[in-house]
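In this document, chain identifiers A, B, C, D and E correspond to the written order of the chains, with residue numbering beginning at 1 in each.
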Amino acid sequence: MTAGTEREDPPALELRDVTKLYGELLVLDAVSLSVDVGARHALIGPNGAGKSTLFHVITGTQRVTRGRIVFAGKEITRVQEHVRTQLGLGRTFQQTSLFDGLSVLANVELAVQQQAGVARRLFPSARRRTRVSERGRELLSLVGLGSREAIPAGALSHGQRRQLDVAVSLATEPSLVLMDEPTAGMSRDEAMAFLAMIVTLPDSLTILMVEHDMDVVFELATWISVLDAGKLIADGTPEAIRGSRAVQDAYLGEGEHLAKLFESD
Amino acid sequence: MTTPAVGAALPGFLNENLVSILNGLAVGMLLFTMAVGLSLIFGLMDVLNLAHGAIFLLGGYVAYQVIVKEGQSWLVGVAVAVAFGAVAGLALGGILRPIRHRGHLDQALLTFGLAFVLADLATIFWGSDFQSIPSPVFLQRSVEVLGQFYPAYRLAVMGVGFALAVVVYLVVERTQVGAVLRAAVEDRAMVSALGINVGRVMLAVLALGTALAAFGGVIGAPILSLSPGVDAEVLILALIVIVIGGLGSIPGAFVGAIVIGQVQSLGIALVPQAAPFALFGAMVIVLAVRPEGLFGSR
Amino acid sequence: MDEPETTLTRRAILKRAGAAAALMSVPALPLGRLEDVAWGAARQSRPLRIGQLLTLSGPLGSVGADLQKGFVTYVRQNGSRLGGRKIQFFVEDDAGDPRTALQKAEKLVSEREVDIVTGVVPSNVAIALRDFFHSAKVPLIISQAAADELTRGESSPYIFRAAYTNYMIGASMGRWFYRNIAKDRVFTAAPNYSAGQEIMAGFVDTFQKAGGKIGGQVFPPFGTVTDYQPFLSQIQSARPSAVFAFFPGAEAIRFVRQYSEFGLKRSIPLHGAFITDPAPVLNAQGSAAQGVGTSAIWAAELKNQRNTRFLATYERLYGTGEPSTFAATGHNAAQLLDEALKSIQGDTSNKARFLKAMKNVGTFQTPSGIFTLDPKTQNPIRNFYLRQARFENGKWQNKLLSNLGSFRDPGK
Amino acid sequence: MRALAPGPARPLVQLAVVFLLVVAPLLLGDFRLFLLTEILIFGLFAASLDLLVGYTGLLSLGHAAYLGVGSYATALIAIHLTDNVFAGLAAGVASSCIVAAATGWLAVRTRGVYFLMLTLAFAQLLFTLAITWDSLTHGANGLPTPKPTLGPGDSGGALDGGTAFYYYALVAFLFGLGLLRAVVASPFGRALVGIRENESRMRSLGYATSRYKLAAFCLAGAVAGFAGSLTVQQSSFMSPSGVSFEVSALALIAVIIGGRATLVGAVLGSAFVFVIRDELSSAFNEHWRLVLGLVFIGVVYLLPRGISGLSARVGGLLTRRTERAAGEPA
Amino acid sequence: MIEPLLDIHGLRAGYRRSVVLQRVDLAVQEGQVVALLGRNGVGKTTLVHAIMGLVQPSAGSIRFGGQELSGRTPDQISRGGIALVPQGRRIFSRLSVEENLRLAHRSRDGRHDLDSVYELLPRLYERRRHRGRQLSGGEQQMLAIGRALLANARLVLFDEPSEGLAPKAVDQIAGLIAGLREHGLSALLVEQNLHVALSLADAVTVMTKGEIVYRATADVFRADPETARAFLGVG
């Protein structure tokens, strides 16, 4: 049922019949989808569709009730959160989650040093330390924060915080980054600047994002999956989704009612 | 389904340890008066009041002053001490207000400093000698319970403690005021959006909690004696009680108090040398198995 | 025994501490007015520097204050001199903590350069200080702390005692208990620390020598028990003929009160060491202590000339109430030092000679009766008195009943 | 940024302070030197607590437990085995590290208030143990211990006399503080600060944060045990009061008054606490606790970064104003 | 034209560093139901919170019945006559239905009291002894609305009342609000379900990215499905 089945590469991420129950409540209903390597894959759907839950089960902050999650060919359904990160699954947060008391550079370095394997060292060589800082600066300039490395993260503007969040995620050298509503709360200009930044990221990086801003989604996405009431109701190219009646219904209300609503005039 | 052997052993055990069990209940009820306020304040305000023990001690001293030094009746002593406790709570609310936004560790630190200061103020006014309040005259006797003598005063403490537990439970579970309190623990902003001044509710709970602590100090004085150090002793016991029962839970505070009371009393009677360890052991086990406490919800 | 407490309110102590500070803070202040100043100058120009290492804060604070008051009372009676020498006091508070005491001892010896140190309230402080004074070679007169080992295995030529050992306290009651209270099935109760064990060992020793039989012993943990009910239940179910108990301070209040509350007092007589002493303890116990007998080295009612003078001077200096037994041992300590100094004309320049004079000070009369320093143990041989808690003249008091006789520590 | 930024012109000040410490025996009398030694040792202990409280954000109310374990281990080694200082230090560090690992294993699983209560409970338990385990600790009477010796065996080079011991303690102090400083400046130390600032994000970055916290707990415990060894070696005595709540409380007060997450602040705070306790105790009678408590409250209120943050705060206010004015259009 | 009941001008508000509302102008007349539409995350709930005092505005004014609201606390605003039916219901799950209602019943002299609410919502009367967490989604929403009614407010803010409810429950809730409208309800209605919104509203306002981009009467909006698709649909 997914496009990924036709390709030869293993998909970057694959969900098979992922189901999540909160008590009696069925939040995710046998969702199966796959994310191709290098894709800019958007996950959309009206409120309460289960997007956040899906996001959480992929990152590992929540456990699935049934189903499997395969990341880069390796099953990670029961793997702990920090191990998923080590395997190359990065994420950014809906509420930007940074180290506010630390400098912008220190924020990135925390991620770089973990990735470089020096985090546990009490006495690393000077060369290693320099390399950590260098890589940190590199990432900051990649996301357009090169000039702000010394100020505390807490003093950044909202849009800059998002950029820093991405830099921190990239520092974990992920093969796939999950972005949770990256442009939420941004002004139009900030959102556009953010978009421009995302476009410059290397093609080898796979991005799976939950996003509400349709302008952003259609500007960026190469593939879109639509979730409604815990079910995957559509999965395809932006063009296919744009034309989908089911998706329109999901967003605007039930088709029958809607038709009546507008016909009555 | 009890076998005859068990059936026979149980009354024997009860007989031998009746006094210890009763005593555990009395101690437990005393701890409850401390723990319930501590727990409510934490549940509602996220403040761990480390000055709670000092207020317990000061409550006892105030009553000592009124009853022993001024020669007033017990009733007057209790009233003045409880009023003192309530005022102390209001003052605490005022002191905490400027750092409300700083998170609970800074607030705990502030109450920690207050405890230091209050305890020393107590020694300035009442000295470092131990003081004691004689129990009310009509309770200065022993009562025979199932063939064993038991101090009437302790039975009274037990009764008052149980009554208090019931009253607190009823107030919180059955009255409008209690409903506001429970609602505020759940969703402070929404209570506020219903037109209720949550700041005032929090102050009231602080005052109630500290008043209960002061009351505990009064009724505990004839049993424990008042001296510097008692404050830390009861505070640590009360903390263990609410950790076991679950922070913010009234039934939790009640059950925790009973458990610790029994460990303190029956534990010493059965395994004297291990009793202090049983106290902390109980807490460690609960935290390891159920980190949110027996009645905690999180 | 070392941890009893007193009547004083904090305010009273502060007031007195203020007075005492005025007395002590000015170096070489002529304590006894003009006539003394003129006379004393002859022998040694430098005043004798006396360090007082006392517990002045915490639960034992009033004990230290009383020791000091007794000491000062003697000095004032004696023309503000000891051994004819003017004196200078340096007071340090150890808060009842051995480690603080070590620090303060260091301060007294190396910064204040005192000639001699007196005081020391708790046994554990005394034990902690032992090596320090032994290696610093500074004489220490212990006026309270009663740990046996400082007179036995851990004795030192630099350490003297003006009070007693724990053994002596317990031992003083054994024969009397056998003759007057019970002969067998006697139970003992004391906290499980060295003072408790040593006092009970003393009691059991003389009680058994007199022919008595012990029925059982309980040693509740020290310092952590707020409720003695489990132990009282244990005693009750053993059905003893009588109980001999020792508890210090707050623990004594709780034990004696609970002993009465749980109904043991109706059927099992209670006597012991220090359990109704000092006055605040007894006041807090009230009727629960009625009739309880304890031994002490002094009683206010003792009829001798020195006691009369002691009481009068004490009253003049401090006004309120009669002295405690701690004031009496403080007084003993000052007198012991005075007697030794007199024998060498107050000349402490030769330390060996001074130590020898201390050791061989011999026998003298004190307000608490005849006092002999045993040269073998550097510990007193002295009388003990039986007192009984009673309500008289509108207040609770420990009234003198009889003289228990003279006791000494057997030493090593 | 408080944790990671070394101030400018620090090396000169540091050099001056070390120089003063080295010549201190020439300037101070025996007793003052004794006090200074105590302050250094307690300061090191407080600095080890700062690693938890300041850097990792774990508020411990029972750090005295590890000081006490180190002290008792050193005392017991000295009494039963050898007077050698290094044997004593090794025993102190090893035993406190082991106890910290055992208790920390449970403690780091909890957070906030629960962590505070667990550490408090562990310390109370050890205090009770110290009093009741008479055969080992000699109960409330405490353990007098022999003077430590530098040489091998029990005879050679006794560390007797204030000056000799002072230099020994000074070297140990500088070593301990240097170690802690290296740790907080290391990637590991930065990870601890990251945990303090945002633990969940650290996890999502791939850090096994519980393990880091446990490592910090053990390290802090080991340094506390090291300070405990020194304490016993100085006073030749150990008793349960060395494990008491007051010791934990004073260390916490020293850290907060001196300034969290600075290490040096903890030492300054210790000096402050000792001066209040020992020097002002006569002026305020025995009510130094009242004074200390009031100062503490004042610091919590007005100086969240303590004494050592005071100068930075004054400077910081100015720069922050300008920064805000520039950074926000509004 | 008389002064609107609720009059918002140049409102700017947000959380911590993010500015969610850029510059919002909005008015609700007495007796009018205004639907506030927009996709997720454009700031509708933030606007409701700002009116209620749960978020402090950084600029602009919110006037209600001629009084300035900014700077007031939520309890003052509530007592001033605004009631909130919040997103996600936020009923007190550990309190009984009746306790939930009693808590909200502040002004004693208003049109609604416990009896009238029970009469209007008999289902709540049947379940009055149940705890909030034992109710179904629809019942919870009724309770949230009942709570708002008991405040006897002049203006009710509905934040996504149909969200997460079964179609039947949506109809019930919509019917309920429609009934209230008959009795002169003044309300600001934030709603994702276009059908529900249009069936209830007198006027429609559409928000994108923290700004109001469209304003019309419900009738005009209904005649213009393309606008609806452009602002609210996909693509």
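The rule we apply is simple: a residue touches a chain if its C-beta (ideal position, glycine included) is under 8 Å from a C-beta of that chain, and two chains touch if they have at least 3 such contacts.
The structure displayed is predicted, hence computed values, not measured ones.
A.B. asks: Would you pick out the chains that touch chain A and also touch chain C?
C.D. replies: Common neighbours, chain A/chain C: D.
A.B. asks: Considering only mean CA positions as chain centres, point out the chain farthest from chain A.
C.D. replies: C
A.B. asks: More C-beta contacts across C-D or across B-E?
C.D. replies: Answer by contact count: C-D.
A.B. asks: If you average the CA atoms of chain D and of chain E, how many Å lie between those two points?
C.D. replies: Chain D and chain E have C-alpha centres separated by 56 Å.
A.B. asks: Roughly how far is chain B from chain D, centre to centre by C-alpha average, rounded to an integer in Å?
C.D. replies: Inter-chain centre distance comes to 33 Å.
A.B. asks: So how far apart, in whole Å, are chain B and chain C when each is placed at the average of its C-alpha atoms?
C.D. replies: From the centre of chain B to the centre of chain C is 38 Å.
A.B. asks: Can you list the residues of chain C that touch 2 or more other chains?
C.D. replies: 14, 57, 61, 221, 224
A.B. asks: Multi-chain contacts in chain E: which residues touch at least two other chains?
C.D. replies: In chain E, no residue touches two or more other chains.
A.B. asks: Spell out, as numbers or ranges, the residues of chain D touching 2 or more other chains.
C.D. replies: 128, 132
A.B. asks: Would you please name all pairs of chains that touch?
C.D. replies: Contact pairs between chains: A-D, A-E, B-C, B-D, B-E, C-D.
A.B. asks: Going by the contact rule set out above, which residues of chain E touch chain A in the complex?
C.D. replies: Result: residues 14-15, 17-20, 22, 39-42, 160, 163-164, 167, 192-196, 198-199, 209-210, 219, 222-223, 225, 228-229, 232-235 of chain E touch chain A.
A.B. asks: Spell out the residues on chain C that touch chain B in their complex, using ranges where they run on.
C.D. replies: Residues in contact with chain B: 5-14, 57-59, 61-62, 220-221, 224-227, 229-231, 233-234, 237, 249-250, 253-254, 258, 261-264, 266, 280, 284, 286-287.
A.B. asks: Any idea which chain D residues touch chain A in the complex?
C.D. replies: Residues of chain D touching chain A: 1-4, 182-183, 186-188, 190-191, 193-194, 197-198, 200-209, 215, 323, 327.
A.B. asks: What residues of chain A sit close enough to touch chain D in their complex?
C.D. replies: Contacts found on chain A: 59, 81-83, 85-86, 91, 93, 97-103, 106, 109-111, 113-115, 118-124, 129, 132, 151-152, 155, 157, 168, 171-172.
A.B. asks: Using the touch definition up top, name the residues of chain D that touch chain B in the complex.
C.D. replies: 57, 59, 61, 106, 109-110, 112-114, 116-118, 120-122, 124-125, 128-129, 132, 245, 249, 252-253, 256, 287, 289-290, 292-294, 296-297, 300-301, 304
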